[in-house]
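Once you scroll down, you'll see the structures, which are given as structure tokens.
In what comes next, chain A is part of two complexes: it sits with chain B in the first one and with chain C in the second one.
Showing the complex of A and B:
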């Protein structure tokens, strides 16, 4: 889903309106959100606006990017592991398929096809 | 339902990632709010290592991925020469 933003520029000399359209892509949305979060994190960690937070908040904030990466990695690992463990294995169907493949190979060999 | 080794490996991955998540969360988020003379601090390394260790792990991962790609590319190039 994209949303268009139309900006009209009028110049007194040209007396004409030039429409310029700007499409917000998903990448731009993500970059915008990431940069907002990044600025907020930078403000808290490096105390750029001199808020002088209590030391505990700074202690928790500064490893945040690494922490989020590790949490994302853990979530990915857990999802992969869970889906491997609950994969719908059909052993009987697999054996049947292998048997049919053998049958087909022998049949084609008899008819002269080289495999 | 996956059987045998698949099932075991999958559950192992889930358990390992849960352990890692819990330990790392306590280390990064809970410990700063705990008094510095509490006994639980003895189970965790100094705070700097909570950033250094994942950094080293990421570097090792990149190394492994790069080595794998290099080996596969090298093998492919050799077989092309023979053909």
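Showing the complex of A and C:
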């Protein structure tokens, strides 16, 4: 698996000099990761290779995909919520700009700018 | 910290304008002020796309006031898009660094010396002004706008893992050759174009530094972010996801 990854990812120096280079797109990376996880999940949940796992493995593995999606959903909501709440409001910057606009207009008039 | 003017570095500021008759003199005044105080060598390239409000005439007056070496005019006959404006600007830039920014005073030139210092500090190929980190921020956005902004940025981070916090920002400093190689590779439009630049920069192994900036939105009240823009942003994002 790692060797096929190495084939897919070219070095960035090469990428800079060649007009076209093959790098794995983000979509392909995702599909690859999802299929890895999917295969692992299927293997454990349905005991596809007949490993005879203890029942508890199967019970835990089975709802994992949904559970992880829910966890990710909650993480996303919390992160975006936090970032919106802490989004800086640049009151000071707006005031400074207003002041400088006045200063600029006067200075430019002095220098001969005609609007 | 004393700033010594560096003899070899020159910074070309690209200002694509369309109907910026009122803002152009102000942004130029601010640029002249902060570059003057910092001692760095610079030029301002105004790329006006045939503005009907007389932006070009104002630019000509500014040229008389500040000099033809500092204010360079490279107008175009009509609105031709940002990517081509950059290409056009680069062709006429005599600096080895290019600064791109908006001409409507949402980007403040006071950050440019910080961009320059950060670039020298780390030898970065590009510096991105970020509204989302440190004491970066925005003025003039309501809750809805902030939510859309942070939400879109979150989705972008998850899907593209770009290694930069502000992808749709357009206040940046590039090494001239880096900007050239990126613009020729990028195909998107609008917000997505700026995102694609960062994503391709990462692909090509260029180093990116960040400087927190404040973005003062004075036009938000007039032009709300509508459904169409959101849809085209998502389309663009998914295209980048599938092709980079």
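In the analysis below, the second predicted complex is superposed on the first by the 65 of 115 C-alpha atoms of A that agree within 3 Å, B and C clash if a C-alpha of one lies under 4 Å from a C-alpha of the other, contacts with A are read in each partner's own complex, and residues count from 1 in each chain.
Everything below uses one rule, namely that a contact is a pair of C-beta atoms (placed from the backbone, for glycine too) under 8 Å apart; a residue touches a chain by one contact, two chains touch by 3 or more.
Computed from a predicted structure; not experimentally measured.
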For A:111 in the superposed arrangement: first (chain B), second (chain C), both or neither? second
Quick one: classify A:25 as touching chain B (first), chain C (second), both or neither. second
Pick one for A:83: touches chain B only (first), chain C only (second), both, or neither. both
Chain C versus chain B, contacts on chain A by residue: C
Please work out whether A:91 is in contact with chain B alone, chain C alone, both, or neither, and reply first, second, both or neither. both
Quick check for you: in the superposed arrangement, does A:50 touch first (chain B), second (chain C), both or neither? neither
Touch check for A:101: first (chain B), second (chain C), both, or neither? second
Check whether A:69 is in contact with chain B, with chain C, with both or with neither, and answer first, second, both or neither. first
Chain C-contacting residues of chain A that also contact chain B: 80, 83-84, 87-89, 91
Would you tell me which residues of chain C are touching chain A in their complex? 21-22, 25-26, 29-30, 58, 61-62, 64-65, 105, 108, 132, 135-141, 143, 146-147, 149-151, 153-154, 158-161, 181, 203-205, 214-216, 240-244
Which of the residues in chain B come into contact with chain A in the complex? 1-3, 6-7, 9-14, 16-18, 20-21, 24-25, 28-29, 32-33, 47, 50-51, 54-55, 58
Could you pull out which chain A residues touch chain C in their complex? 11-13, 15-16, 23, 25-27, 76, 79-80, 83-84, 87-91, 93-94, 97, 100-101, 104-105, 107-108, 111-115
Chain B-facing residues of chain A, complex: 56, 59-60, 63, 66-67, 69-71, 74-75, 77-78, 80-89, 91
